[in-house]
Amino acid sequence: MTTTVSERPATRAPIEPAEAGDIARLVVSCSDGPGIVALITSFLHRHGANILQSDQFSTGATGGRFMLRTEFHLARLRERMHLLERQFDVEVARRLGAEFRLRAAATPTRVAIFVSRYDHCLLDLLWRARRGELPIQVAAVVSNHPDLEPDVAAFGTPYVHVPVTRATKPAAERVQLDLLRGEVDLVVLARYMQILSGDFLDQVGVPVINIHHSFLPAFAGASPYEQARQRGVKLIGATAHYATEDLDEGPIIEQDVVRVSHRAGVADLSRSGADIERTVLARAVGWHCADRVFVHGTTTVVF
Amino acid sequence: MTTTVSERPATRAPIEPAEAGDIARLVVSCSDGPGIVALITSFLHRHGANILQSDQFSTGATGGRFMLRTEFHLARLRERMHLLERQFDVEVARRLGAEFRLRAAATPTRVAIFVSRYDHCLLDLLWRARRGELPIQVAAVVSNHPDLEPDVAAFGTPYVHVPVTRATKPAAERVQLDLLRGEVDLVVLARYMQILSGDFLDQVGVPVINIHHSFLPAFAGASPYEQARQRGVKLIGATAHYATEDLDEGPIIEQDVVRVSHRAGVADLSRSGADIERTVLARAVGWHCADRVFVHGTTTVVF
Amino acid sequence: MTTTVSERPATRAPIEPAEAGDIARLVVSCSDGPGIVALITSFLHRHGANILQSDQFSTGATGGRFMLRTEFHLARLRERMHLLERQFDVEVARRLGAEFRLRAAATPTRVAIFVSRYDHCLLDLLWRARRGELPIQVAAVVSNHPDLEPDVAAFGTPYVHVPVTRATKPAAERVQLDLLRGEVDLVVLARYMQILSGDFLDQVGVPVINIHHSFLPAFAGASPYEQARQRGVKLIGATAHYATEDLDEGPIIEQDVVRVSHRAGVADLSRSGADIERTVLARAVGWHCADRVFVHGTTTVVF
Amino acid sequence: MTTTVSERPATRAPIEPAEAGDIARLVVSCSDGPGIVALITSFLHRHGANILQSDQFSTGATGGRFMLRTEFHLARLRERMHLLERQFDVEVARRLGAEFRLRAAATPTRVAIFVSRYDHCLLDLLWRARRGELPIQVAAVVSNHPDLEPDVAAFGTPYVHVPVTRATKPAAERVQLDLLRGEVDLVVLARYMQILSGDFLDQVGVPVINIHHSFLPAFAGASPYEQARQRGVKLIGATAHYATEDLDEGPIIEQDVVRVSHRAGVADLSRSGADIERTVLARAVGWHCADRVFVHGTTTVVF
């Protein structure tokens, strides 16, 4: 019933090709028009890059937004990266009026995780990071409660307790901003039960990903799992999205659902909800950190 | 790549055991308390029935609602059924203050399908009925438009065109009610794009099942697929529920979703929506007609 | 519970942009190396094409196989298509040693569907074709049995009955090949319960897609649903693949599963199997006809 | 985007009703025949038990196997349990020739987890046990390697390193059996990469659950993920089953799949496989420990 074949734990240490350090990702976004791909790929070809994988999408043939993500191999990437970036800016991006980002695939994304008392999303992220499943480096866990400090300590990750009350919220957000400034590339709200102010979102300077339970139909107000039970919903869902000031939910990155039945009590429903929340959040963070997600207005393109 | 084994098309003519005509279903619902199951099963045993399958559920140990569905075999069912029903009423139901329904499993449910111009849910139901996948007999298709008459004619099913305008709606509903009275056990709204009045729902006297597209998060207003596209939703869903006067959506019978991506235009989204709608509606109708669905307040129990 | 908004049946007549006739698809496959994408996209740009969507994939950075699929808009496509094809051959394909195919997106794929007595896959394909969900034109249905002729006649599609016995199989295959020659671009085995010979597959000259039930674990021999029931499987699957002579299953295009329980008898299992078979086959045929599937050795790349 | 509502972490400490300690589960299995349910439910009623939930299934109306699982509430359960068990044996089980098991729902199942070097299934079980998601008490982790000891130590669970070579296997199994005897109710093979002998399975005296990757189609031999990649499979699956001597796979408890694409390399496939393995194993262990799984020959009934 079991076999003795291959005990190497592939999930912890995936085989990386020798040239993994020479792989880069380029993401570009601009107004669509003819010749964009030719310009970009000619540039890469001219500089000796070999495209491994490429995706592009346009929101419309005329007047649309063009988005491209490409992975390429370039010998001695690290020493050439900085120059390549400047050359791309001059030779391509300015001509297209394009935004772009160039990044070595081996560089992890620096992440701050905000939590309150729920541990399921936090632990899943820490665990996947440790196993090498997520290309992230968790710079700090920030919480308005001290409860989860022991769990986080076991991973050797700094835990910063920043209490928040209605009165101290502006001051608390300033402390948080000081902590994060220049230290992280992404903030993940892993069931952080505080509303971040528009000021915070303006000043944090990096994307913020949030995870949210979701139901068909949607429920307003408190105790959503209790409401879900009363309506007899058959699916419990979760939505990972970028946090924005105006909207309760910003551009959606990923969603999924899990099936439930009338046998599930409120505790069972919220347990199923926790399972789907951690899965959806991990996917969203992974895709974001692999530069797979483009925000376009209120929607996203996920390659 | 293909095999010559067994060409019998099992899906059209499933093997029925010789005694299929002797199988009945009993559904019971009452206030929970001790001894209910013992009373019911002793009754069945005493009258020579052999229980094949049984499900029960209570909404709470004390003060809850008890629901039971049982399938049993009873020799010479048809001739004994009527008497058995009266005996159950006297010996069990009155003592428990219970509602119950006893039905020969081989008796199909008589259904009226209401449609407008969308054909996907209608054709799926007609097709599954013809294949024997759904235990229903479609008594009539009722539509406020003539468009789908040829499709329905191919199945040999009556098609009744009842035009509806704001002014003629009360009269139209009276025509519909006259058509249905005593002729059907269930009304299915298979994308019927008219709001039925509370009067209609009060007087129709049989359950009404509706199918509804559903999104995470929910959208109000017109053009839901356009809204879904603008929000970048990753899942398109459908909800089948019992129609009620007060609520936009009554007790939910079944829900499911299908995955979509940024590549899907509005037409693709509504095509995916159509696929999931017909699947969810067929499941809900099948479960209802197999007496698997209990309504309890605003929720359902589905065995 | 229902709304009066927008009665236009989008699923039957999706809005096509005015220039739909000017959209083409180009698929290219060759040994990977630097500069391929630049060469192709420069060609398209030079000839006035505007790329709408593009996917590419390489099986490895060095020595791999490169595959590209692109959709582009080109004014007056139909009159320029033939010349463009020859130019691409001379200016790009020969230099790369590439295989390619250029096709107007609006041109439907001509399909022959082979069946025996099971109707579920056949009817689903005919139905989706009629609704415009599949970009196919069903040239003929070929069967070794007369049973399904009435069903097919209702769609106005020719039905050709070619009986097959062990003795007459070679002659029957010659009849089938004569029927198909030059008339179809694809053969779909929609539960055709005869093994096609290697000779047939060699001579038919177009791809052949088959649908196959699949289980975890796999079962050899007769009565797979009976075996599945005896092993207590919890999932019933289907696999759509290209038919090949040597293998019982060729390169896989699509797979999916549906959940079953111990309550399902053999008839229920094969009904669930039929549902998932028709869904998986429709997806595979749709992707193939949209030029989304590349065969690479024993595997496929599906964009 | 986030709310301040309800910070209580429901997933760690689900609300248990005051009488949770008074809930018991009874599972019964015997040859089917009339009156069984009446006998059992009358017994429970007579002794003051109130049935909360009940499932039953028969493999056939005549000559089939009857299986029943019921949860009931009985005041002062703990002091009455032992007597009730003897009474049930005398008054019901012997008359029916039935096997039965009676258990307080609050009593956790004592589990030994066997592992080698893969940590994903092990950590998921330990984590869910700590969170109260699985009603188990992990008595020990047994491994043929020392690698995972630090991970296990963090949970305060004993880790027993029992090296196994071809020569020492019989001795190692005796050591394992001595360790387990009387101490555990279940052995879980959480990717234990050693084949347990038939002798071990005979003598261990408790059920053994194994987790196994599964593919459509199945692959024999080494490197299944490499084979899966070469065949272009679109689904990666896992099967949890009871371990048996004769079969490579015994009665199946649960199966599930995850979708993969041509972009996934072997490392990605085995990572997806790890994710689905841990999910499927956790479900199977949870259902087993809730007495939801009946083995009937080579199949299972899962309530």
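We just call them A, B, C and D in the order they show up, numbering each chain from 1.
Just so we're on the same page, a residue touches a chain if its C-beta (ideal position, glycine included) is under 8 Å from a C-beta of that chain, and two chains touch if they have at least 3 such contacts.
All values reported here derive from a predicted model rather than from experimental measurement.
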item	value
Between the pairs C-D and A-D, the one where more C-beta pairs touch	A-D
Identity of the chain that, by mean CA position, is farthest from chain B	A
Rounded Å distance, chain A centre to chain D centre (Cα mean)	34
Centroid distance [mean C-alpha coordinates] between chain D and chain C, Å	41
Contacts with two or more other chains, residues of chain C listed in rising order	53, 57, 248-249, 263
Complex interface listing, chain C residues touching chain B	1-12, 14-15, 53, 116-120, 123, 127, 131, 133, 145, 154, 189, 192-196, 210, 212, 222-223, 225, 241, 243-244, 247-250, 263, 266-268, 270-271, 274
Chain B-facing residues of chain D, complex	17, 19, 32-38, 41-42, 44-45, 48-58, 61, 73
Chain A partner contacts - residues on chain B that touch it in the complex	57, 214-218, 229-235, 237, 239, 249, 251-252, 254-257, 261-263, 297-302
